[in-house]
Amino acid sequence: MNIIRSAFRNPPFLTFLLVALVWIIASFTLRGFGAYGHLRYLLELAAVIGIVAAGQTLVILMGGIDLSVGAVITVTAILLPLISPAWDPTGLAGIAAALAIATGIGLMNGAGATYLRVPPIIMTLAMATFLQGLLVIVAGGSAVTVSNPAVILLGQARPLGIPSGIILWLAVAVVVLLLVHRMPIGARFLALGANPLAARLSGVSVTRNTLIAHTLSGLFAGLAGILVLGMNRQGYVGIGDPYLLTSIAAVVLGGTSILGGRGTYAGTIPGAILLVTATALITVVNASPGWRSIMFGTLILALLLVSGREARR
Amino acid sequence: MNTNSSSRLYPSIQMRRNRGLSGLYLVVAAFLILYAMLFPGILSIGGFSKFTQNWFPLALVTMAQALLMLNGGITLAIGPLVSLGAVIAATTMEGALGVSGGILAVAAAGLAVGAATGAIVTYLRLPAIIVTLAGSFIISGVALILLPRPGGIVPDWLSTVLAGHTPVAFLMLLAILALWKLFLATPLGLGIYAAGDNPVGAFRSGVPVERVKVTAFALSGLLAALTGLFVAAQTGSGDPVIGTPFTLNSIAAAVLGGVGFLGGKGTMRGAICGSLLLSVMINVMFFLGFPPVAQYVAQGLIIVGAVAVPELLCAWRARR
Amino acid sequence: AANCIKGDRKAPFTIGWANIYSVPTWMKQTEGTITAEVEELKKAGLVKDLMITDAQGNAQTQIQHIQSMIDANVDAIVVIAGSSTALDRVISDACDKGIAVVNFDSLVNTDKVTAKINTDSNEWGATAAKWMVSQLGGKGKIIVMNGPAGISVSDDRRKGAQPVLDANPGIQVITETNTEYNVAPAQEAMTSLLFANPEIDGVLSLGGALSAGSVLAFERQGRDQVPTTGENARQFLELWKEKGLKGWATMQPNWLGALSVYTAVQALQGKDVPAFVKVPLPVIDDSSIGGYLARADKFPADGYIYSDYDKALFDKLLTK
Amino acid sequence: MTEENPLLEARQVFKGFFGNPVLKGVDIALLPGRVHALLGENGAGKSTLINLLSGALQPDGGSILVDGKPVGRFSPAEARKAGIAVVQQELSLTASLSIAENIGLGAFPRRFGLIDYRALHRRVQEVCGMVGLTEPLDMPVADLALGRRQMVEIAKALFRKPRVLILDEPTSSLSAHEAGVLARLIEALRGRGMALLYISHRLNEVQALCSHVTVLKDGGVTADQSLSGIDGEGLVRLMVGRETGDLFPSRGATTPGVIRISVEGFSAGTVRDIAFSARAGEIVGIGGLVGQGQEDLLLGFYGAIPSSAVRAEVSGKSGLPADVGEANAAGIVYVPADRKHEGLVLSHSIASNLILPSLGRLAAKGLRDRRAETGLVAKLAHRLTIKGDTARPVQALSGGNQQKVALAKWLPLDPSVLLLNDPTRGVDIETKREIYLMLRAFAAEGRLVILASSDTPELVHLCDRVVVLREGRVAAVLSQDDISEGAIVGAAMGVSTTAQGEAA
């Protein structure tokens, strides 16, 4: 009884329940929705959001926010084909290089936030603008269709019938959940997010942890960029844009406080699935764009009413 | 024997709030001077009018955003609200409602949408960022239904009055700032700060925290919708997606102006300065002949620099 | 003489290119034709300087850029409008100041320009729809893919298709999508629709890379391809050939940019140019696709394979 | 005093949190012209009771009466209307607003709907005069030290011209001087017929100020009686329910060990160019008026604020710790005075707070060792008698118990230097005794304890040496026999001439 009650007070669990409920109802009422292939496809889409939102979760838990994730995805997706060296038949070198760039961008975000004392929101916003400039230089001139075999494998392969994107997400989820719940650094992020001053006086290094959180956010955004590239076989400017607000939305829908200090990636996971589900539901409705937009907004609000209830302050 | 008891309290409190903004003021002043050197025409009435007209909408949405951030909230629905305001203006003014009816309709829509959003956030205790994200889709949808593609019309004389070759927009900005000052001098207005900074304490002090919050959202909605009205007048018509970029820009300007995310921290004048910097930067870079790449890079550098340089100087001074 | 141009304007001219957004590949390619043309004109001693701005998708910023171009007294402004209505006033201001204004691709409503240069978006939609009707023999279920909602280009193309669809009640529109003109969102939307609709007989896709997204979605879900319309996006043309698709496409030539600069300079030199230059829409079908694909290597993989152009073509278009 | 009717009364009130009863049928009656003491150990329910009396919380049972009439749902607004004001511990201030605006908040004088700043100025000046607040009224509260904020909080309560004034540990962050001002003020207010409720863990204050006492224990009232004829011992007995020994442990023979901290020309924040050294096994007190650099001295040693020294040796290494991490690594720990903002992560659980500094040490192969953590938390909770479920958020603890958590979390680090900033603020007498014992034991184990305190008796009875700061410099160093309240206060005020000079 007590376990059940505390489960219902648990935002991640509630959000999972909500996903299940929406899926069951939609499967019974909408043709094609409940098909195995469709649900699998939804998860594949959610994987991208889920992976970006992994970094976003960490940064938000720590009391910051990362407005550069969309730009990092785009940069990774566009640069990867350009920098994949021809001598490497596996394509892993290209992936490593692209991830290094994404991670480096994250590190720079963190450095700006700590050494330059620029609030993360401003730092990452400015970074997104820089990256736009970078794209103006590199984009458009040369091929951005990907031929990197590892990337294509990531985007297309289905070992045991499971899309590799979902497998990647699972791996990311395990790592992030471990980090948040089983590693000291997770507790430090949370403490910093809830009370940076007290955390600092308790020996938690603000500099180090800010650097780590932003670097990880860059890395995960880079991973998501590679996955998106593989799924579309093509990178173009703007490919990452939709993931900025959705990554934040997934985090908050999962019950994590936007102000930091409270929450878990376990909530972000169903949060990401909820978002793609809502999009898919609205896509199949035949209505004018205006009405579709209204329905989408209302749906998000309704879902929030259920999953966000315990997220009150 | 309060040292300042001779001077008057209100102005000295206002002066105090300026502290810490001097770095930003300097940066903005430098840009304005540079701009005037590159384009002396700015010093003419016409040039000044046009420049301030282009800045005005951003200034207004920044106020709309800062108002909520000071109260510990945030909105992602600014852009769509601007679009909605523009669309309502462009579809009603030439119709039965007329200009005054149209203005009322825009104002009423802004207030109502803002208040409704505020009520949802406050009474259902949901995170503002997602409620307003959902709201942004709903509001965009309404704008698209009212006007599925750019069109509609705003009477020419209104366009000329608000956005002609006279600095009416600038005067309106001054008037709105004066109104804000006035509002801040009411218990409800100061309550925005108090409730944003320390809601529990404010509640225990007798501030009607929930009413303050809903009011903040309503006023923010009003400002955003009126921005749409101005944009419609400035452009002579309505466009259902014209406001979209304002959402992020309003946040950028407010944060650049020193308004914090957690509520209670920052000032409106700082936010306005932030918006002025973002706006004048565009013109300065044009006159310096920066190519687009440099525009992006410089924009990023200026944003970081405007925050980092005063911070670092401050830290450096403290160290010695 | 041509519209707008007044005052003492002698070669070499300064030209402002007020771009709404410089990064999508279509825009980048278009800008490429503009800079190439300017290089030619510079060699001929006709152009001194090209000032490029990038409004980052923000129509309000574009207004500010055009205002700055007026302030800098450029000789000509070439512009793709970020909103079909928002720029009306600033553009007619430019025209009043005697600046040559040439507007292409996304057009403004005002006629106070030197020239507008474009294909006919209505015709675009109508021709595509007619082809679809004939492919399906006047009977079948189709999905319509549109560009973003609230944008006139996408709205015009859709409107152009409507009379054709009305005239053929056997054609049933199951549902429509509105996405950016990009592969990924189009593919995502189409995938959801494929699950929901076991029977789809045709995809009426109205521009950009939407068709490529659709074809990929069909392929990924193992569904048989259906007749699909589209544009000269390289990816779509290649998929069409590779999958043996029943396809049809047309083209919004990127050299509209070069033509616009050419037109502005012609007008500044005192030549008469038509107020509206209607550029014919080519038809790309199984018989002509080979010609396009043969040149594919010269274009970016996510770019558009546009037809060749030269001065003779421009002169011909301008004399009509 | 004739039989008067209570202005404010609680009858048989019950209150619990999440099923844990805190108040089980409590009565209290506040009479005009009387200063009523409310005593009880940490967590006894004093703050909870005043929250009921002031409408901040609703009782689960029983009733609140104003002027003998029961009130229905009581809200802070209604309580204010009834003339009830509460002095919270800096809980209700808005950091970004000025002193004047904070004092007026919720009760602004108005003119045409606007705040009448002129009237506000006048009336705020009045109350500030009463509490001795001399700071410029336009100063943001953010710039004030804790003790000054407390004075603002008191001024704010007075601003509303209350009939009933409730003070929850008002002196815990006040200097002796400020406390004196407050004591005179309370006396004056009582004389005007106000009903006062006074909560404090400083029994000498209670004895000096109050005429009646209510004692809470185990959710009930164990005493409700006049204070006349009761001495300190008696008060303690009422609270604790048994005989107690001395508050301060005997000093015992100390044999100071190696030098742990030794600096020359040390500057940090407002501390300027001082020399200081201390050895293992010592308890060194840092005294002085509030805000003379005591905190900056500790923070400087802790690497938490930029500091410099001509020569420095800390824990056997030359140089000052560059940051908190380095200080911790060198065995230096710090317990801040403002536990709510600096000491604790209030919204997190007791357990998380307790293990925060030891996270790294407890981890094995990079992963947290849950079992070790649980064990450690249980051990610490037991050692400091922090009762109840350690999964509760720290903010649900009473103030005194919060303080124990702030101290306890450092013990696993086995620190060699403890920098303590007012560690017994708001702590009940029994806990104080425990903490004192602990500090003595620390010293006996060869640790260095540096204790900044606004509680002068604490400095007198506990410390081996007291360094008195004045305007960021050392005003006096008193050792063993020279330490007395008079000497400390004298040096702090700059009137003493004894033992001036170098800190040995």
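Lettered A, B, C and D in written order, each chain numbered from 1.
Convention: a residue touches a chain if its C-beta (ideal position, glycine included) is under 8 Å from a C-beta of that chain, and two chains touch if they have at least 3 such contacts.
Predicted model only: the values in this text are computed from it and were never measured.
Peer 1: Tell me, please, which chain's centre (mean of its C-alpha atoms) is farthest from the centre of chain D?
Peer 2: C
Peer 1: Counting contact pairs per chain pair, which pair wins?
Peer 2: Going pair by pair, the biggest contact count turns up for A-B.
Peer 1: Measuring from the mean C-alpha position of chain A to the mean C-alpha position of chain C, what distance in angstrom results?
Peer 2: Computed value for the inter-centroid distance: 33 Å.
Peer 1: If you average the CA atoms of chain B and of chain C, how far apart do the two points sit, in angstrom?
Peer 2: Distance between chain centres, rounded to whole Å: 35 Å.
Peer 1: How many Å are there between the centre of chain A and the centre of chain B, using C-alpha atoms for each centre?
Peer 2: Computed from C-alpha means, the inter-chain centre distance equals 30 Å.
Peer 1: Where the CA atoms of chain C average out and where those of chain D average out, how many Å apart are those spots?
Peer 2: 71
Peer 1: Residues touching two or more other chains, restricted to chain A: which are they?
Peer 2: Within chain A, the residues that touch at least two other chains are 132, 136, 289-290, 292-293.
Peer 1: Mind pulling the chain B residues that touch 2 or more other chains?
Peer 2: Answer for chain B, listing residues that touch two or more other chains: 143-144, 148, 292, 295-296.
Peer 1: Residue numbers in chain C touching 2 or more other chains?
Peer 2: Within chain C, the residues that touch at least two other chains are 22, 54, 56, 149-150.
Peer 1: Considering every pair of chains, which are in touch?
Peer 2: Chain pairs that touch: A-B, A-C, A-D, B-C, B-D.
Peer 1: Of all residues in chain A, which touch chain B in the complex?
Peer 2: By the definition above, chain A touches chain B via 65, 67, 112, 116-119, 121-123, 125-127, 129-130, 132-134, 136-137, 245, 248-249, 252-253, 257-259, 288-298, 300-301, 304-305, 308, 311-313.
Peer 1: Could you please specify the touching residues of chain C with respect to chain B in the complex?
Peer 2: Listed in rising order, the residues of chain C that touch chain B are 19, 22, 51-54, 56-61, 63-65, 67-69, 71-72, 83-89, 109, 148-152, 155.
Peer 1: Which residues of chain B touch chain A once you look at their complex with the stated criterion?
Peer 2: 76, 120, 124-127, 129-131, 133-145, 148, 248, 251-252, 255-256, 260-262, 292-297, 299-301, 303-304, 307-308, 311-312, 315
Peer 1: Under the touch definition given earlier, write down the residues of chain D that touch chain B in their complex.
Peer 2: 54, 56, 76-77, 80, 86, 88, 91-98, 100-101, 105-108, 110, 113-115, 117-118, 120-121, 125, 128, 133-140, 156, 306
Peer 1: Within their complex, state which residues of chain C touch chain A.
Peer 2: 22-25, 28-29, 32, 54, 56, 146, 149-150, 174-178, 180, 182-185, 187-189, 191-198, 209, 216, 221, 235, 300-303
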